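The structure is given below, and queries will be raised subsequently.
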Amino acid sequence: MIRMTYREAIRTALREALAADSRVFLMGEDVGRYGGAYACSKGLLAEFGEERVRDAPLAESSFVGAGIGAALGGMRPIVEVMTVNFSLLALDQVVNNAATLRHMSGGQFSVPLVVRMATGGGRQLAAQHSHSLENWYAHIPGITVLAPATVNDARWMLPAALREPDPVILFEHAMLYPMEGEVDESGAGVDLARAAVRRAGRDVSLITYGGSLWKTLDAAERLEKQGIDAEVIDLRVLRPLDMAMVFASIARTHRAVVVDEGWRTGSLAGEISAQIMENAFDELDAPVRRVCSAEAPMPYPKHLEDAALPQAERIVATVREIYG
Amino acid sequence: MTTALEPISLSRERAHALLRGMLRIRRFEEKCAELYSLGRIRGFLHLYIGEEAIAVGAMQSLGPEDAIVATYREHGHALARGMAPGAVMAEMFGKANGCSRGRGGSMHLFDAARRFYGGYAIVGGGLPIAVGLALADKLARRSRVTACFFGDGAVAEGEFHESLNLAALWKLPVLWLCENNLYAMGTALARHQAQTDITLKARAEGVRAEAVDGMDVLAVENAVHRAAEFIRATGEPFLLELHTYRFRAHSMYDAELYRSKEEVEQWKRHCPIAGLSQRLRDGGLLTAEDLFAIEADAMREVEEAVAVAEAGEWEPVEDLLRDVVTPREARAQ
Amino acid sequence: MIRMTYREAIRTALREALAADSRVFLMGEDVGRYGGAYACSKGLLAEFGEERVRDAPLAESSFVGAGIGAALGGMRPIVEVMTVNFSLLALDQVVNNAATLRHMSGGQFSVPLVVRMATGGGRQLAAQHSHSLENWYAHIPGITVLAPATVNDARWMLPAALREPDPVILFEHAMLYPMEGEVDESGAGVDLARAAVRRAGRDVSLITYGGSLWKTLDAAERLEKQGIDAEVIDLRVLRPLDMAMVFASIARTHRAVVVDEGWRTGSLAGEISAQIMENAFDELDAPVRRVCSAEAPMPYPKHLEDAALPQAERIVATVREIYG
Amino acid sequence: MTTALEPISLSRERAHALLRGMLRIRRFEEKCAELYSLGRIRGFLHLYIGEEAIAVGAMQSLGPEDAIVATYREHGHALARGMAPGAVMAEMFGKANGCSRGRGGSMHLFDAARRFYGGYAIVGGGLPIAVGLALADKLARRSRVTACFFGDGAVAEGEFHESLNLAALWKLPVLWLCENNLYAMGTALARHQAQTDITLKARAEGVRAEAVDGMDVLAVENAVHRAAEFIRATGEPFLLELHTYRFRAHSMYDAELYRSKEEVEQWKRHCPIAGLSQRLRDGGLLTAEDLFAIEADAMREVEEAVAVAEAGEWEPVEDLLRDVVTPREARAQ
């Protein structure tokens, strides 16, 4: 076990990938000279050169598409889209090309592309820079969607993603970059198939992912003081979802709350809730509840942003509504 | 604009190869139109009729190591690239023996063995793919050309400019082939572009460019030959704007309200196939018997292609989810 | 009551709007000379001229953004994005500009923009031309999302949309254009607030919208023969959702199946299902089920496309699973 | 490039107005930087320091009927447009008396009364908005100019080309003002554009264009004056590429690893404010007292603005959902 920040974990994984496989290269806006908008690739340009740490112009659709083409051409591109907010400009390439090529070509082509992007709110960046649209990506057949919430997952999900023969979208929550945590140097136990129980509990299952994990764990501690023993599940992989672990948890707790930073209507939390009803209806002692973001463009002031985003208080209150 | 080589400098064999190349596409697509009206081919069908000189002229200078990226109007490119006519026709039928296992249809022809990367139906969507294929070649130190075909309408999309800039900025070996047939569906070039000279747009992105008579297969062959040599020598991109015209409707749904019969008839006088045969006749490189034989070959090829398609099986419904992603088992390997 | 096709209803509404208000204009690819990819605007160029029936270049992001700007400038633009498949190229303008301007400017600006687009599969157009992404638009705070499923709604939702002070996205299912139906010339009863019960029933609530309505009504007839009396609800407005009508129906039937052409995971059907659990849990005698599209890029051949899309048979079978 | 008017041809009043215009922006933003380090201003803060000549020079020829579209680096444009400094500072604080009710912050300044349409933080996202505003004016037969400011980085985005083409094709009165400060965040122009002459790109879309020394407020004023006259006379768009430089970091998060201190110092010698005062001194249009008075005014204005911001209230949390859409009641009217 070694301690490092989420940012360092990603940088370590990037460096390792670039060193290990000559087919791997990093491409995106300001990944080189600037060192990455979140400093994830700081130092990598000097170490690997301009060919493999490639600063891209502001042309999201085309450099993401170029990543798809390079993957078709046998490379293992890691494309950094600075944030999910800008990824909308490249969404056509993801939906219509990256996600369709294998199936549409009758299995002839493979797109081993990894796209990384920062996501989420919490830094007072207002309406155009605070999106959390993981649910949209999780809706697209043909891709795998990851949301590392721990430093260890930040360290090991990237190499696992690079082993995938098909496109992988990796969401890094912008609030987590400075977070410190333990990394298991063996990388054991990090796969792209399973969710993780981050806290075992008997009374209620709190299901979440990404940046919301920490607020949810905080809520679980507060609930413990109130005599409610919450289990916290980190989905980790948003597509395909590991619902088996969720159902198993609910079979024990019979209650669930889904915490998701996305806007409530059409959120991934809604999908989780629907699948729980479809598959664990008889296990439920209460309806599944959701704690999501307010349905408004994100306001700039701290007090309004805090009110818009899921918070431990609201998670606790929601659990109390369905509990006892 | 580049002017054609004199037919005289052509060998009889090459002359016949070019004529055959265009004619077999023409006959293939005429059959497709017929099969569409019979309901054997469905969905969208975009015919290349009138534009054959471009695909045929261009493919002459592209080797098996080079890559092709095309649009939804790509039957001609697939055939000129050497894809099996039977596999292409079977794809149009949606049969499992089609070149995309029947899943793509007319707009999504693929052939990994011939580095034919498709078949893109979102206008402009294939251009970034071409940039990436060329980038892969550059990073892998492979000397190859990626030829990317697209229409004049694609020039209005931001991706056109973004992709040309990337290719020029990163010095990537992409051959941009703009098939300027003067219309984007029902919108004439001058009604969708304020500046209709597409070579200027390429130069503004740092890409060398030239305009060519796309109805003259020899002019296309010559221009592509020189462009490909430039790309192989420098590793830098080059754009050719090929002036051409679509003789048929945009798709089988199009009522053609936006252009006059006269305009179409006018352009048909520049038919690349009739034009070449005439010049070859004049140059003493083509006899009536030759033409008859070439026609017969083309017809036979089409009939055989239809037979292959007819004989094909439907992909079982159970396979609907196959190849959405690679199954875990397969990944282990 | 007069009979016309869905296409004619839209054309009639467009003509009426252009004639009634000089601020209204129609802009999009091939809306003029070509007459509209689906012939909805056929004849309007001759009637209203190039200024107001404006052919646009292939530049979705910019002409949708231009519609936003024109709305800010006091016009009432109707932007036709040929199909939802191409709308991904303009999604940034919808999410980050159209939907945010009123809130982000503190209420100073209004974007009275109407965007129309064809949606859905069923015509063998394969993976890049068969999307059904209404759920993504229904996720965006700040816009209203409509899905006319009947000829009468096609006729009257457009004028209602033009009365809205904020952006409205109107989804026209491509399979419906040739459909004939009755139009109430008074326009009475068409608002943007309520869903509609298209068939009253006692045993199960079938909730759907757009092109799936007709398959669902077909399924309801088959169910009747099997002694199951299904109620069919057409959501009509996908944002904001009229869930009150859905809950009222379930309070009578105690069973629900949601039919939605979108891919299952992350579908609008999942959201409906989640809201039903949250608000009508105790009314449910069985878990809410979903009939959605197979999670794969749409294949070209008829037999595979039919297998991928929701069909009456599958709706009937799903109802039988939860019934009795 | 356009050369500056001779200072001599300037009236003392106009000379002082231009100097004051730039200086008040400089002092305002220096205060913002200070308040950011104190945590009073949060989120992203992009300073315009070094580029003031552009906003100030440009606004001289734009009237109240004209419209402004800007980027996230728009404090200078807002102030030069005549927005109340107090309302702008309050917005940076996130207070309810801010020009966007505190909801937008530094990147999203709005003022309907002054036709200041914001404040766009998605690079390139404001350009189509400008096309639409100009289209509305054209359709409503209003003779107005829509001025759209954007950076060199935005030129790489497809929307730049799409929007210029629309403006030229439809003959729309848009004044495109490209603030070429040589960097898109940490990426130098030559590292994101193969062809670095932006006027060529504009011409390739059918838009007339000219390059201007953006560090010389008189040159900017002169060029914008002529461009605006052209637009008002013809109704057609015009692009000005304004060569400038950002003296500060891209945002408060930027460690500036991508450029040398020397380069920055070199450019600071071309400071538009120092440059103008020197020329005015040399031309006898500015005394030490004048400068002192102008400085004092600027400082007072900044202090007053901060006071307004400090005094502002926070928007109540209950209003979070207000104005997401218009409430039904309000619609009735």
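Details
Letters A, B, C and D name the chains as they come in the text, with residue numbers starting at 1 for each one.
Throughout what follows, a residue touches a chain if its C-beta (ideal position, glycine included) is under 8 Å from a C-beta of that chain, and two chains touch if they have at least 3 such contacts.
In this text, all values refer to a predicted model and were calculated from it rather than measured experimentally.
Should one ask which of A-D and C-D has more C-beta pairs in contact, the pair is C-D. Centroid distances built from C-alpha atoms place D farthest away from subunit B.
Averaging C-alpha coordinates per chain places the centre of subunit B 36 Å away from that of subunit C. Here the CA centre of subunit B is 46 Å from the CA centre of subunit D. In this assembly, the C-alpha centroid of subunit C lies 40 Å from the C-alpha centroid of subunit D. Shown for subunit D are the residues in touch with two or more other chains, namely 102-104, 108, 120-122, 125, 156-159, 162, 165, 169, 191-193, 324. Residues of subunit A in contact with two or more other chains: 56-57, 59, 61-62, 85-86, 89, 92, 96, 103-104, 126-128, 141-142, 295-297, 299.
Interface residues of subunit B, counted against subunit D in their complex, comprise 156-162, 165, 168-169, 191-195, 200-201, 203-207.
Residues 29-30, 33-35, 37, 39, 42, 55-59, 61-62, 85-86, 89, 123-129, 294-297, 299-304, 307-308 of subunit A are the ones touching subunit D in the complex. Those residues of subunit C that touch subunit A in the shared complex are 61, 85-86, 88-89, 91-92, 95-96, 99-100, 103-104, 126-128, 131, 135-136, 138-142, 239, 241, 262-263, 265-271, 273-275, 277-279, 281, 284, 286-290, 295-297, 299. Per the touch definition, subunit C reaches subunit D in the complex via residues 23, 25, 51-52, 54, 56-57, 59, 61-75, 77, 92-93, 96-97, 101-110, 141-144, 163-166, 193.
Partner subunit C is touched in their complex by these residues of subunit B: 42-44, 94-95, 102-105, 107-108, 120-125, 153-154, 156-158, 184-188, 191-193, 253-255, 257-258, 314-315, 317, 320-321, 324.
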